[in-house]
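Sharing a structure below in C-alpha cells format, with a few things to ask.
As written, the chains take the letters A, B, C and D, and residue 1 is the first residue of each chain.
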Amino acid sequence: MTPSPSETATEPSALAARLAGLVGASGFSAEHGTVKIQVERAGWVEAIRTARDEAGLAFFSWLSAVDWSRQVAVGDPPADPDTIEERYDVVCRLSSVASADGALFVASLPKDDPRIDSLVPVFDGAAWHEREAAEMFGIDFTGHPHLVKLYLPEGFEGHPLRKSFALLSREVKPWPGTVDVEAMPSAENREAGEGGEEA
Amino acid sequence: MSFTVELLVKVVVVLAIALPLALVVIFGELKVSAHMQSRVGPYFAGGRWGWAQPLADAVKFMQKEDLVPSSADARVYKLAPYVVLMGTLGTFVIIPIGPDLVSRNLDLGLFYVLAVSSLSTLGVLMAGWSSGNKYSLIGGLRAGAQLIAYELPLVLAAVAVAVQAGTLSLNGIVEAQAQPWFHIGDFGVTLPFLVSGQIIGFLIFLTASIAELSRIPFDMPIAESELTMGYLTEYSGIRFTMFFLGEYAGMVSLSAIAATLFLGGYWLPGLSNDLLDWVGPLVVIGKVLLLCFLFIWFRWTFPRLREDQLQSLAWKWLIPAALVNIMATAFFKVVF
Amino acid sequence: MSALDAGGMVQISDAAVSVELVGEDMMLNIGPQHPSTHGVLRLVAQVDGERITRLEPVIGYMHRGKEKLAEVRTYPQITTLINRIDWISGFANEVPFVVAVERLMGIEVPERAQYIRLILTELTRISNHLVFASSYPLELGAATPLMYAFRERERVLDLIESVTGGRFHPNFNRVGGVKPAAGGGSTQKNVVLDLPAGFFEATLRTMDKVLEVCDEIDNLVVGNELIQARTIGVGVLPPEIVLAYGVSGPNMRASGIDFDLRKHEHLLPYDDFDFDVVVRSNGDCFDRYVTRIEEIRQSVSIVRQAIGKIPSGPLRAKVPRVLKVPPGEIYVRAENPKGEMGYYVVSQGGRVPYRVKIRSASFSNISVLPWVSQGQLIPDLVATMGSFDFVLGDVDR
Amino acid sequence: MASFPLGGLFKGMKVTLKELFTKPVTVQYPLEKETLVPRARGVIALDVENCTVCMLCARECPDWCIYIEGHKEEVPPSKPGGRVRSRAKLDRFDIDYALCMYCGICVEVCPFDALYWSPEHEYSEYRISDMLHDKERLTEWLETVPEPPALES
C-alpha cells in the first residue's frame, strides 16, 4: 500500500475544507495528501493569524515563493505555458505539533507589483524566510523590520531563483553529452532532456 | 671557585635538570593523552615510539616564520614570553633535590618562590594586551583575573605548611617532614605533610596550581573553542615555543614545589643521608612526574569552567577553606 | 562645587563620583573562521566586556544554490545533489524527496526496500548523534569523548559503506526503492545489491558497541559536575519561541514539545516497531544533549527490531528507465536527525522538476540565536550554539 | 548522578584511566592498511571492449566530468557472405576525478557493463590537472575490481 499520510492527521480534503472556511480562502486543494489553501493577498496576515490561533497550526515551518513564468532561462518550461498566468506564488507552510496536520497557504502576486505584508508580527521566525524570499525573488515584504540580503553578498544584483535568471555555470562549459557519434541503432533516440542543451 | 663560576655552574645544572624534565613532561602528555583516547600518539619521530617528538616540535617551531602583527605593541609583544619563562625558571633556585644539593638555601625560600611565580602573571598580561587582537585582549583579561584570584589560595595553602613545619626554608620543610611522628618499636615512622594534617592544603594547592598554569579545567585564558588560542593567538615560531616551554616548565616547577611541601621532597623513609645525596634527585623527579601525570589526567577528562564560576570557586570556596586550614594547623601545632 | 573651591584640591572623601562608567560596546566578529561555528558562520556580536548585547548572524558563505541547481537536474541526479545538504546525515536527506516523487508518480515501494531504507536512516541518525555527542563536549573543553564516539562511529559508517559503497554520500535511494543492481548491462544487472552476507551479525555487534560508548559518554560527560555547571540552565528555549521560529527535532523535544515526525508521517514503516519519543522539559543545553544520547539508544533498539523483522522481496518497484513525473505539487517532510527536513516539489511533467523548495532543519534552528544569546557571556553563547547541532550546509543550502 | 558530591568527576577519571590501559584502535596507515569493503566506491574502472560509445554515461553524469570521443569503423562480417557491420570505436574516454563526486550514476546507467566500481583509492596527484585519467589508466584499474560479495539470506 503506498505509504499514505498518517492516520493521526485529519483526512486532507476535510482539513482543507475546514481551513478554507475558517480562513475565508478563495480556493483549496488536497492532492497527494498536501493541503493547499489559496488566500487573497490582502487578507494574508489575517489568514495566517487565524490559522495559528483557531486551527492550531502554531508551528511556523517555512515560507518561500514560486516563480510562474512562460519563458524560462533555466530548466523545463511549464507543461502548457500559455494557460498559466504569470505570477509569484508566496507559499507559507504551517503545521501543528499535536497531530500531523499541516497546510500550505499560497498568495499570488502579480509580476509587476510583487508586494505582500510581512508575517513577522504573527511569527518572529518568519523574518529570515522573508529575507531569503525577498533577495531570491525580488518580493517586497512591507512591515519587515530588517529586510536586507540574507545569503547573497551586498553588491549582488539580480534575483537568482527567478526563472529569468540564467545559470552561468551551464553557459560557460559546453555539455560533454553533445558529442554526436551516430546514435545507437538499438537504443531509442535519446533527445537531450538536459536543460543546458539549448544554451 | 669564585662566586660567579659557582653561580654559572649552578645555573647550568638547574637548567640541565629543569628543561629536559619539561621535555619529558611534554612527551608524557603526548603519549598519555593519546592512550587515554585509544590512539597511539607520536609514533614516527624516533624509532617507532616517538621519543623525539618534543625535539622535532622545537625544531619545527624554530624554522617557522616568527611574525609580529602590525597592530601589535612590538616591544611588549617581544618581551612577554621571556618574562613568563623567567618567572617560571626562577623558582627552581631553592628546590632541594638532596640534603645538601640545592643551588641556594634561602631561609625565606617559600616566600621567594611564591613571589617569583607570580611574575609570570605579568608576562601573560603583557602578551594579552600587546597582541593587538580582540581575542587575545579577552584572553589577557581573563588571565589577569584568574591568575591573581588563584595567587591567594596558593599562598595560603603554602602558609599552612610553613606553620606546620615552623620554617620558611624549603630545606627546613623537608627536614621537618623527615622527623618521625611516632615510634613503632625503635623504628621512627615519618609522614609527609600530605598525610599528616595537610590533606586539605594539598587539594587547595593542587587546584590553585592548575589555575596558575591555566590548564583545563581552568583554561579560560587559552579557551580553544572560544578564543581560538587566547593570549597566544598571535604568537608563532620561537616565541610560541617559549610560551609552550614556559607552560610545561611551570608545570614541572609547581609540581616540584608541591612535592617539596606536601610529599616530603627528596626524603624517602629508611634512606640514610649520604645515600640520599645520590638518590635524592631521582626521588624528587619521581614525585614530580607523578604530580605531572595528575595534571595530564585532569586535562584530558574534564571540560573547562566558565569565567564567573572560576572566580566564585576561588573567592567563595578555596580562600575560606585555606584560612580555616591555617587556623586548624596553628591550633594543632600549639596543642601537640 | 564646594569640594573644588577649598584650595583647588579635590577632597577625595567628599568628591561624589556620580558618573556611571559607560564604556562603549566592542564589535566582535565570531567567525566565519572560528573553531566553534561548525562551518562558515559569522556572528557579528556587540559585546560589553564579555556580555553579548546584540548578535547578528551573517550566513551565506556556504550557499550553493541547491534549489536553483535542482531545476536543471533530472530526478535521479537530484538525489546526488540533496544528500550533500546535511553532510553528516547524508542518507536521511534523500528519503523525503524520493518519497515525494513516488507519491507524485503513485509508485508502491516494496516492503524490503522500505525496511532497508529504515535501517540505513536509523544508522545515519546514530552516526549523526555520535558526531554531536562528541563535538559538543569539545566546545566545552573536554577532548576525550570525541575520540570514543568517533571510534564507534567508524564502525557504523563501515556498515553503511558495506551496503551502499559510500560512507557520507551513499546515494543508495532510487525512486521506487533502493539501488537494485550494480549496473544496467547484461551481467551487471544480476549483480543484486542486497544486504551483503554477515551484515545482520555485524550490525548487532556494532549496536552493542554503540550502547557501550553511550554508557561511557554518560559517565564521562553527562554525570560530570563541571559539564552540568556549564550547561544546566544555559540557553533555555521556551516552547512558544520554539514554535514561533520553527525549531524542530531534538531541540524542540528538549523544550517539552512531544512531537516526533516518525510517529506521525508514514514515509518509512516506523509503526511496525515500538520506540518511545524522548521528551525533556526545561529546554536548556543539558537537556538537548541528553535527549540526543537517549535517541541513540532508541535508534539502536529500532535497528535491532528491524533486523529481526526484515521481509524478503524485490528492492525496487517497476519504474521506467527515463523518469517523467506527472504535473502536480506535494510537500513531504521527515524526521531528519537534525530536525524536520521537507521537500516542496512542484512538477510540470518532464524529467526536470519545475521548483524544489528544500526545508532544512538547521536554517530555522539557527534563526533563534539572536533571541537566545541576549545577555549571555561568550562561553555560554558557544555552549548554546553547540547544543543546537547545526551544520552550515543545512543552513545555507 | 554520583553517590558523593564530586563523584561525577571521579567516574570520568575512572573511564579515562581504564582507557589508558586498553589497546589503542588506530591503524598506522602507511605501515598497516585496513581491508576495504568490496562495494567501496574508490574509483571507476573501464572495460574498453564492452563500451559502444553510446554516450549515456556522459549525458547522465550530473557533474559533466566524462569526456568521450569515438568514431565508426567497419567490422568484417562474422560469417562469410554476411553483412559488413559498422561498430563504434572508442578514441578517448576521460574521467576528470577532480570533478567526479563518486555518485555512481554512470556505472549504473551503462547498458553494456563497461564501467565497474573498484575500492582502489590511492591515486592522489600533486596537480589537479593530473586528476583527468584517460582510458589506459581506467583499464589498469580493471584488475582491482573485486568479486561481488555474497548476499544476506
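One rule holds for everything that comes next: a residue touches a chain if its C-beta (ideal position, glycine included) is under 8 Å from a C-beta of that chain, and two chains touch if they have at least 3 such contacts.
Note that this is a predicted model, so its numbers are computed, not measured.
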item	value
Set of chains adjacent to subunit B and to subunit D	C
Chain pair, A-C or A-D, that carries the greater number of C-beta contacts	A-C
Distance between chain centroids, defined by C-alpha means - subunit A, subunit C (Å)	24
Between subunit A and subunit D, centroid-to-centroid distance (C-alpha), Å	38
Centre-to-centre distance between subunit C and subunit B (centres being mean Cα positions), rounded to whole Å	43
Gap in Å, rounded to a whole number, between the CA centres of subunit D and subunit C	28
For subunit A, residues that touch 2 or more chains besides their own	190, 194
Per-residue overlap in subunit D, given as positions that touch at least 2 other chains	9, 12, 15-16, 19, 25, 111
Sequence positions of subunit C contacting 2 or more other chains	74, 144, 148, 151, 220-221, 224, 226
Chain-level touch network, classified as line, ring, star, complete or other	other
All pairs of touching chains, each written as two labels joined by a dash	A-C, A-D, B-C, B-D, C-D
Residues of subunit A defined as touching subunit C within the complex	1-6, 8-9, 31-34, 36, 58-62, 64, 66-67, 74-79, 91, 93, 95, 97-100, 102, 104, 123-125, 127-128, 149-153, 160-161, 165, 167, 170, 190, 193-196
Residues of subunit D that touch subunit B when the two form their complex	9, 12-13, 15-17, 19-22, 24-26, 28
List of subunit D residues in touch with subunit A within their complex	52-56, 58-59, 61, 64-72, 88, 111
Residue ranges of subunit D in contact with subunit C within the complex	1-2, 5-9, 11-12, 14-16, 19, 25, 37-41, 50, 60, 62, 101-105, 107-117, 148-152
Touching residues (chain side subunit C, partner subunit B) in the complex	26, 28, 34-36, 50, 137-144, 146-148, 151, 220-221, 224, 226-227, 229-230, 377-380, 382
